[in-house]
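Labels for the chains are A, B and C, by order of writing; each one numbers its residues from 1.
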Amino acid sequence: MSRHLQLTENGKLKHFLSIEGLDKALLTEILDTAESFAGISEHQVKKVPLLRGKTIVNLFFENSTRTRTTFELAATRLSADVLNINIATSATSKGESLLDTIRNLEAMHVDMFVVRHALSGAAHFIAQHTAPHISVINAGDGQHAHPTQAMLDMFTIRQHKKHFEGLKVAIVGDILHSRVARSQILALNTLGVSEVRVIAPKTLLPAHVRSMGVIPLHDMDAGLKDVDVIIMLRLQKERMNSAFLPSESEFFRCYGLTEAKLALAKPDAIVMHPGPINRGVEIASSVADGSQSVILQQVSNGIAVRMAVMTMTMGSRGGMQ
Amino acid sequence: MSRHLQLTENGKLKHFLSIEGLDKALLTEILDTAESFAGISEHQVKKVPLLRGKTIVNLFFENSTRTRTTFELAATRLSADVLNINIATSATSKGESLLDTIRNLEAMHVDMFVVRHALSGAAHFIAQHTAPHISVINAGDGQHAHPTQAMLDMFTIRQHKKHFEGLKVAIVGDILHSRVARSQILALNTLGVSEVRVIAPKTLLPAHVRSMGVIPLHDMDAGLKDVDVIIMLRLQKERMNSAFLPSESEFFRCYGLTEAKLALAKPDAIVMHPGPINRGVEIASSVADGSQSVILQQVSNGIAVRMAVMTMTMGSRGGMQ
Amino acid sequence: MSRHLQLTENGKLKHFLSIEGLDKALLTEILDTAESFAGISEHQVKKVPLLRGKTIVNLFFENSTRTRTTFELAATRLSADVLNINIATSATSKGESLLDTIRNLEAMHVDMFVVRHALSGAAHFIAQHTAPHISVINAGDGQHAHPTQAMLDMFTIRQHKKHFEGLKVAIVGDILHSRVARSQILALNTLGVSEVRVIAPKTLLPAHVRSMGVIPLHDMDAGLKDVDVIIMLRLQKERMNSAFLPSESEFFRCYGLTEAKLALAKPDAIVMHPGPINRGVEIASSVADGSQSVILQQVSNGIAVRMAVMTMTMGSRGGMQ
């Protein structure tokens, strides 16, 4: 159903809600389109007129300055007009249903909703109910998906490894609660890596995790052995000292990425993290700032990937508007 | 005095503060100008350069995401630069008088204030004291006026009924506290409808309501009989269960718009509401979403009407800048 | 070190962090550049394309609507894209270090940070650690510096007095806690005024104030005698009734600027204040609104000075981009 909802009759991207249901060709098209945008942010004039006169709404039901910023920059560099609506802090939205909020914004002739919501499925729900000319991009919904994050990760991997075939990738940390991990696993498997390992204590792994096409491991040393890519997840500190997790120092000892542990991976392995990083909790500063870290490249690539998804869903690939 | 303040020596609109004092010709000019803008929001490139290089300040002393959004979109589609200032949340404004705030913004060479304020008369006060080149638009002041809302309602009525002559209009709900109703009544009478009825319990009608040129009614069935237009007002929930109002269900039973009550109006009657709607309180969902509802068209028309008022007060009608 | 950090190898302005270390020629260049921008805000189209396609980040760790607004307008009138980030209210920034925040924004290919921070030295710290292509402007750091405020004051003085040579300037109020006063004193002395007097109770003067090149005075009547320029400082009300200060009325009696006290200065003396003013606390309304007051001209000049500093640090003087 995700496939059906996300694609037009001609198989073009209409909404970008989830990696689920998208095939390798389409994910590759996103990466190729992003590549064509990657240079723009380094130009003297960082703008192209592809979405001029379009209105893009950052509809954030959950506060996230970082994610909002990357979407705002992507839209601005495409020359779109951006409207930031923070429903969490909006008094007027009280008592109005989500659907009524959407209907009202539609009536203002907006063209795109970039949706962040604490509930899984919120972006799908909006895409199912919005007007036909509007595109919806999921900027993170509950514990479900964060597909633009996954695609910027894929972009970064391809940048360094050229191909996905044959790659061994380890994802380390709180898999259970991570929408980022869920989207990454789907994208990695669709793009054809040879092995996805998830490394976490039992309490932070979903019950039937093998069915996602991954190899679960509880021992980090074994897990990192010979991998090409290490993806560290952010530890949500509010989960610390709960039933899920021991102390920060205990977590770091078992699952923190240190130089010693990094040495177990391939010599040219890259280290990734969706940010913001907790130094000394899930990753040592020397690794985060080290030569194998591509964490800041992920941020740069995030702008290009979001520009790609925005233009593709709006039917503006190749400036054919 | 409102007329004197709102118009230039040549009778052109300078500020838009209130319907009071504006004649039929001028209100009609606003509607005609809005009509010329109505198509722009459906263009591929939703922008005209009429106010390029102008600085429009959304000066909101009262939070209202919805109203701020419509003015921001209207300004953006006219290519103006928008500055959002939320005085309610601004720490620096503490202790500074309203006049000093205005003087400072004037000194920054802004061109327009869109003012929302909890006190009646705030927009008038600013218009009286601001620099000659600046225009002021009232985006709602206390219980006094909300003239752009009234004009988008008139636009919507004309869209469906072609003429105002001969129309019977019913306004239902909390007339006493409603700046929207006050502005609507003035506009409807100026534009020459044949009858304006206000329908509410005694506690929610002003004391000398007949002097406003309306027929007060307490019985909704009688009130809706044969009307062409039904305007439902939003019930301010904070007034519920006070001296003014019985319970929500009791209010809905007496003054909520149901399909049965709607059947008392003319068969082609339209149903309006300024939003956001309280489903099941002042209006049944089946009516709000029904074929006679034009509630979302009101929202669309709001952008066009605000573009009209912005260009007219800035002397940019017809792109003659 | 400030000089070294602020200038390129060719002696051009790279960052604008402090008046310290900048020579008379460079301050004069800022004033001359600002003069070329002063007319733009009075044009029909208040925009020049000098910074089109550049991304300027208002990075405010301390809330200040007024200062943020002037920088936003300056950037907008240079056609730059502005990103407002209010770290004080940003939940996502929790736990992320200042340096990680900067690194992430750099990775998004922004071009300038306008920094406001409660800690002295924050803007310097960012300038020291940021990427080579990024410029940093200090919009106020702790009790250290507020150099754009000082330069708009210098601009206003030159506008009225033509030359700095021979001028006597009095700064009145809480010198001890004022970053504005600190920057003003440096600028006035660098530009060659003949005398800078600071007038305040002992509790509000720094310990070794004479070493800053000023004459400290506790008696306002003696201090204002024959001066050309009077700069009143804003009294931070939260310091009132503390160990530093007597009551408001007592302060006004001793150090408030009244018409009687103003009469002690030269007949053509100008009255300045960085705003927002506390009427009846540090300045009488009749003086603030009187013919010798240039307080609102300071605000206007603030836009031009910030446009100058933005283009100079970005290497865009004279549109030579």
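In this section, a residue touches a chain if its C-beta (ideal position, glycine included) is under 8 Å from a C-beta of that chain, and two chains touch if they have at least 3 such contacts.
Since this is a predicted model, take the numbers as computed values, not measurements.
When chain B is laid over chain C using CA atoms, the rotation angle comes to 120 degrees (nearest 5). At the interface between chain A and chain C, under half of the residue numbers appear on both sides, which makes the contact a different-residue one. Note: centroid distance chain A to chain C, computed from Cα atoms, is 41 Å.
Multi-chain contact residues of chain B, defined as those touching 2 or more other chains: none present. Residues 41-47, 63-67, 69-70, 72-73, 76-77, 237, 275-279, 296-297, 299-300, 302-303 of chain B are the ones that touch chain A when the two sit in their complex. Chain B meets chain C in the complex at residues 52-55, 81, 83, 85, 90-93, 95-97, 100, 103-110, 321.
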